[in-house]
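Sending over a structure as structure tokens; questions will come in a sec.
Letters are used for the chains, namely A, B, C, D and E, taken in the order the chains are written, and counting of residues starts over at 1 for each.
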Amino acid sequence: MTAALHVAGVRKDFVVRNQGASARFTAVQDLDLVVPDGQFLTVVGPSGCGKSTLLDLVAGLTAPTAGRILLHGAPVTGPATDRAVVFQQYALLPWRTARKNVELGLESIGVPRRQRARLADEHLHLVGLTGFEDRYPHELSGGMKQRVAIARALAVDPRVLLMDEPFAALDAQTRESLQEELLRIWRATGKTVVFITHGIDEAVYLGQRVAVMTPRPGRISDVIDIDLDPVPGQDVRSDPAFGRLRHRVWSALQHPAPDREVAHV
Amino acid sequence: MSSSTLTRPVAAALDVAPEDYRRRAGLDVAARPGRFRLAVGRLARGSVAVVAFAALWEVAPRLGLVDRVFLPPLSVALGALADLVANGQLAVHLQASLTRALIGLSIAISAAIPLGAAIGRSPAVARLLNPVLELFRNTAALALLPVFVLVLGIGETSKIALVVYACFFPVLLSTITGVRTVDPLLLKSARSLGLHPLQLFTKVTLPAAVPTIFTGVRMAGAASILVLVAAEMVGARAGLGYLVTAAQQNFAIPDMYAGILTIALVGLAINAVLLLAERRLSRWRPSA
Amino acid sequence: AGCSASTATADADASVTIRYQGSAGQVTLAELADDLGYFEEVTLEWVGDTTSGPQDIQSAATGQTDVGGAFNGAIAKLVAAGSPITSVISYYGSDDLAFNGYYVLDGSPIRTAQDLIGKKVGMNTLGAHHEFVVREWLAQEGLTPAEIAQVELIVVPPVSTEQALREGQIDVGTLGSVFRDSALERGGLRELFTDTSLYGEFSYGTLVFRDDFLAEHPAAAEDFVQGVARAIRWTQTQPREAVIARFEQIIEGRDREESTDLVQYWKSAGVAGPGGVIDPQEISIWTDWLVREGTLDEGQLDPEDLYTNDLNPYANGTFDPTSGPDGEVLP
Amino acid sequence: MSSSTLTRPVAAALDVAPEDYRRRAGLDVAARPGRFRLAVGRLARGSVAVVAFAALWEVAPRLGLVDRVFLPPLSVALGALADLVANGQLAVHLQASLTRALIGLSIAISAAIPLGAAIGRSPAVARLLNPVLELFRNTAALALLPVFVLVLGIGETSKIALVVYACFFPVLLSTITGVRTVDPLLLKSARSLGLHPLQLFTKVTLPAAVPTIFTGVRMAGAASILVLVAAEMVGARAGLGYLVTAAQQNFAIPDMYAGILTIALVGLAINAVLLLAERRLSRWRPSA
Amino acid sequence: MTAALHVAGVRKDFVVRNQGASARFTAVQDLDLVVPDGQFLTVVGPSGCGKSTLLDLVAGLTAPTAGRILLHGAPVTGPATDRAVVFQQYALLPWRTARKNVELGLESIGVPRRQRARLADEHLHLVGLTGFEDRYPHELSGGMKQRVAIARALAVDPRVLLMDEPFAALDAQTRESLQEELLRIWRATGKTVVFITHGIDEAVYLGQRVAVMTPRPGRISDVIDIDLDPVPGQDVRSDPAFGRLRHRVWSALQHPAPDREVAHV
């Protein structure tokens, strides 16, 4: 079977102007990654290592400088609704209701109005927001906004769901409840998910596999299989097996320089 | 508890919840009940200053604090206003001014928004046009009144052109700001959903810029009346500016004040209408 | 070719529309002529009210209107600036009834022209009648140009002149018409001089046409001038009450939302001589003056080029100069 | 790798880094090197439109597209300007106008900021004063010109008062907004550090409001010139508005254009000075 | 020895307007808490349970409706520099440099200018920001901003340091490095610390004791002693002992309703 996502030898350079001259800055290099269809992959790595760059490339929002990205065997040439992205900051249009926000992607592919509304309501139901269809984003809590963003992404029926630290801005309780929700939806829909996070706990808790990225230039240094099967309502995170896997990821992340904070002003 | 000398509690004041907390607590903030009673109360309190001002205007001339001839009591001005309303003159002037203001404002808006969007989105266009726009923007509209009259004549064209000129820049600048400050993440996410450039503009950039643009439109509304008053002093046959000037020249001082009062009310009305429109278009925003 | 889009238009029955600016609460001589039925080939079109003579002739010169009127000195300046216009008839001036006076407060130390040095004189417009009259008076009284330059001329709206004078914001106020009468009623003012005291009965302002208008519509221009001339003659031969009554009737009939208060103060058109015939001296005095003042070069303008009386029935032999508005012999 | 038909990479375009990224990357964004060269280049490109405008002004009258008498070529206007500069007249007018604008602006600022702060901090004061302020704010300043002249006379007082009037409201409104939008957390944390109310105002509220207030001050700067031009048409002996009016009335048309050019330049200069002041006071902000 | 902080039977009501009438809303009730001098206490609890309310009361920013709060035996009557607060959103004055921000509290107690600058620099050094004294907040990363806020709080030499979710807005890496930093500073200065957090991991990692708060109305339901001694550079969080303690806190938190997210719109 063809992999859902195939990233092969990808490099991405940015032009940065410095000392009057333009310089190339290599954000990611020699990036290889294969995600089988239906898998939940989490990507973890320090700030600035190129996680978002990778995601933008897969989303087709930017083009790689070298290498190739295949989605179900076909090359990525730009954004399309076979992939959908969920961003950390929700990125909902504040002047649209929840329903209208979910309809946005459907408008771009020309779904008729009636059907749009029906599809939107279905997906809002899927994320547990029935009854909130006519709320504006400012009338929703952070967690609810992120649910809308997830519904919006799912509504275009993408084969791959790309998520860039979607829960980082939420408080711990809300985050945990959304994590469970996401796993439920993933199981229900069978989508391929690429989930980027800073949090080791989150990566281990959610992922079937955890890809560890290291910076300068960014590449995937380890891929760790997670053989936990979290059961809702149980405190998996306090389980010793969880602690062991967590430690493996933690160790894989320990390569880079310790003084990152100051160096990254 | 490793207790010690326990003293009396600090003054048990009740802190009033700010709106934010009420919203978090799920209370309905926008449609507050008892709204009507509140509004009446607020009106009464708010009127204090207005009534005081009116009283001063009425009494000062009567007491001889100011010259009655040149500053007649408010009641006299209101009487003149009533006469102007009754004999239909006010309607004529009002219509003339409002028509000019509206046409001018509409032209300015329909020209400034596309140009502002172009400048806001394209650094190249911005670089090309900025200097000349800066030059014009900083040229007081009224200084150009003689030029407009010379080039466009004393008719409607020059008056409307002056309104357009005065209204153009606030709308232009606010459009540029509005378009420039659209959250790039919104654009990025819309792009990731497969929206095309035109869709991006109509569905994301423009709606996002509306509140900012409206600030400019409201400034333009005020500017339109301001310059119109001056423009109507030259070669006009009707309009509120004409009314004030003609009354002044005919020594009909109460009529002049009636005209000024009308201008004030028109200003208030235009502002109120634009505010209302703004609110309609911004219902999605948290009430401030 | 070269004819501007703003040129007067001829309508179906060959009558030419002449656009003009009026004056709020007042009846212009052209409007009076129209009302008296003196025009045969001319239809008047009111485009609005003027704010000053210079603005009025500027509108005529730029084709916003077809006819405009201003103080002759301003006309000379506009011609000097290069604008092709020609005066065709006098339309205002001063006599014992219609004049502008220059007033000081009763207690003011100002008595002679010399006393005006460094003082402030208020007037409604610069560059027009009032300014020239003051400067001419000062010159006639023997002040040097340097001294005249020290007299400060200030724009004051007529409605504020009396107040500004009484509050000492200006030392001399120019008052005419209703403003003069009401101010004098309140008392406490002393006349310094009047425009009549300069030249006696004298016409100060003329109506002008653009030269291209004169060339294209000679008949209309002639019809216009004869109508205005006869209207002037009419005011000169009618009792004041009759003129005022006619003015009231016109104002009430034309529906411009004006009051008739102002015409009650009408006393005379102030035009010297019958029918507004232009006296060469009424023009040359100002061209000479502009030369003296340095605005014009010697010989730059021939006063004779500035005006024509050829269209005026009281000058071109149509009527006897002493006859009435219809050419009739007056009793 | 479960490889498949690998195709050529998508166009290897290099995306240019936006400022934000350059800042994150630790690059010096503000003091970009090659700044001078860039500035010259930008100037050259920016001038295109200005030069085109100037050329049009020069050529149109010469070709007879417009009436030379009333719209003389730019060079003639510049010649008149040079004369006015040479004989010192321009300096007189400029000084008169600038003095009035500055005095008026200063009075307006010093009155509007405290009042705005009071309104912004106290809902009671706001409720009391809002209606009457709304009434005045929406009364076009120029409509009041005759009243100012009647009540305050034709001297400096009425002109400066008009400038004050026109400048007052932009500063007032921006101060209210500025004070109201101070982050409550900043106030809370300063309070937790033991700052007293007065310290809170001078050390937190006011500095936080400065950028917002400055927007209003810049609008006021533009308004001051605008109304001054009109105010100087009455009862003035000097000033740029007087220059323009007097030149127009005396058919010294080139002088009139010289005056208008000067007004434009003054407008530009005031705006530039206020922008500079704003930048000085806002050095702590990320460059936009 | 007198406790550093003694909260006894505290209640805090807020007036909320609803249905046109004013109603009392009791945010915290029967709140009792004793913190010995020099202790590092963490407070954990779900969103809206009254953690910030408690902190504001202790800071003297609001007054309790009932009950008493003693600081080293003396009643709290208002804000004073014997306590200092660090907020989640840094709350730095953006127009002041790092040094000037640290000086803010010193200005309020009238320390002379010279001494202020010296004290500020010392405390910036303490939080590892030597060399960044003249930077404006926007020129600092989130972690650096929070360090400045900590330095500012320490500069007034408070006996009690109150921290309201200070690290919640930081990314995982930065958060962990600041946690270690805070423990170092706490050991170096011996201050009493009350540290509020949403995160169970954070509470267990930092606290000598964890106070668990439950909502409606908020009160302290459990206080759990933590007998770990985290060593910098070691992955304590993956330790089974950590997992056990984590689970105890997690269980203590399980009382309240599960549907909190939606209920809290």
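To be clear about the criterion, a contact is a pair of C-beta atoms (placed from the backbone, for glycine too) under 8 Å apart; a residue touches a chain by one contact, two chains touch by 3 or more.
These are the chains along with the protein names UniProt gives them: A, E = ABC transporter ATP-binding protein; B, D = ABC transporter permease.
In this text the structure is predicted, and so the values were computed from the model without any measurement.
Visitor: What's the overlap between the neighbours of chain A and those of chain D (ABC transporter permease)?
Guide: Of all the chains present, those in contact with both chain A and chain D (ABC transporter permease) are B, E.
Visitor: Compute the shortest path length in steps from chain A to chain C over the network of touching chains.
Guide: 2
Visitor: Among the chains, which one keeps its Cα centre farthest from the Cα centre of chain A?
Guide: C
Visitor: In whole angstrom, how far does the Cα centroid of chain A sit from the Cα centroid of chain B (ABC transporter permease)?
Guide: Distance between chain centres, rounded to whole Å: 45 Å.
Visitor: Where the centres are mean C-alpha positions, what is the separation of chain B (ABC transporter permease) from chain D (ABC transporter permease), in Å?
Guide: Going by mean C-alpha positions, chain B (ABC transporter permease) sits 18 Å from chain D (ABC transporter permease).
Visitor: Two-or-more-chain contact residues of chain E, please, as numbers and ranges.
Guide: Chain E, residues with two or more chain partners: 264-265.
Visitor: Where in chain B (ABC transporter permease) do residues touch two or more of the other chains?
Guide: In chain B (ABC transporter permease), residues 70, 150, 245, 248, 253 touch at least two other chains, as defined above.
Visitor: Could you pull out the residues of chain C that touch at least 2 other chains?
Guide: Within chain C, the residues that touch at least two other chains are 55, 58, 62, 157, 159-160, 163.
Visitor: In their shared complex, at which residues does chain E touch chain A?
Guide: Residues of chain E touching chain A: 46-47, 128, 139-141, 143-144, 168, 171-174, 177, 198-201, 235, 237-240, 242-244, 246-247, 250-251, 260-262, 264-265.
Visitor: In the complex of these two chains, what residues of chain C are touching chain B (ABC transporter permease)?
Guide: 6, 21, 24-25, 46-51, 55, 58-59, 62-65, 157-160, 163, 178-179, 182, 256-259, 261-262
Visitor: Applying the document's contact rule, which stretches of chain E touch chain D (ABC transporter permease) when the two form their complex?
Guide: The touching residues are 59-61, 79-81, 83-85, 87, 89, 91, 93-97, 104-105, 107-109, 136-138, 149, 152, 156.
Visitor: Would you mind writing out the residues of chain D (ABC transporter permease) in touch with chain B (ABC transporter permease) in their complex?
Guide: Within the complex, chain D (ABC transporter permease) contacts chain B (ABC transporter permease) at residues 18, 42, 45-50, 52-53, 66-67, 70-71, 127-132, 134-144, 146-147, 150-151, 184, 219, 222, 225-230, 240-241, 244-245, 248, 256-257, 259-260, 263-264, 267-268, 270-271.
Visitor: Could you list, by residue number, the parts of chain C that touch chain D (ABC transporter permease) in their complex?
Guide: Listed in rising order, the residues are 52, 54-55, 58, 61-62, 74, 77-78, 80-83, 120, 122, 125-128, 152-157, 159-160, 163-164, 167, 169-170.
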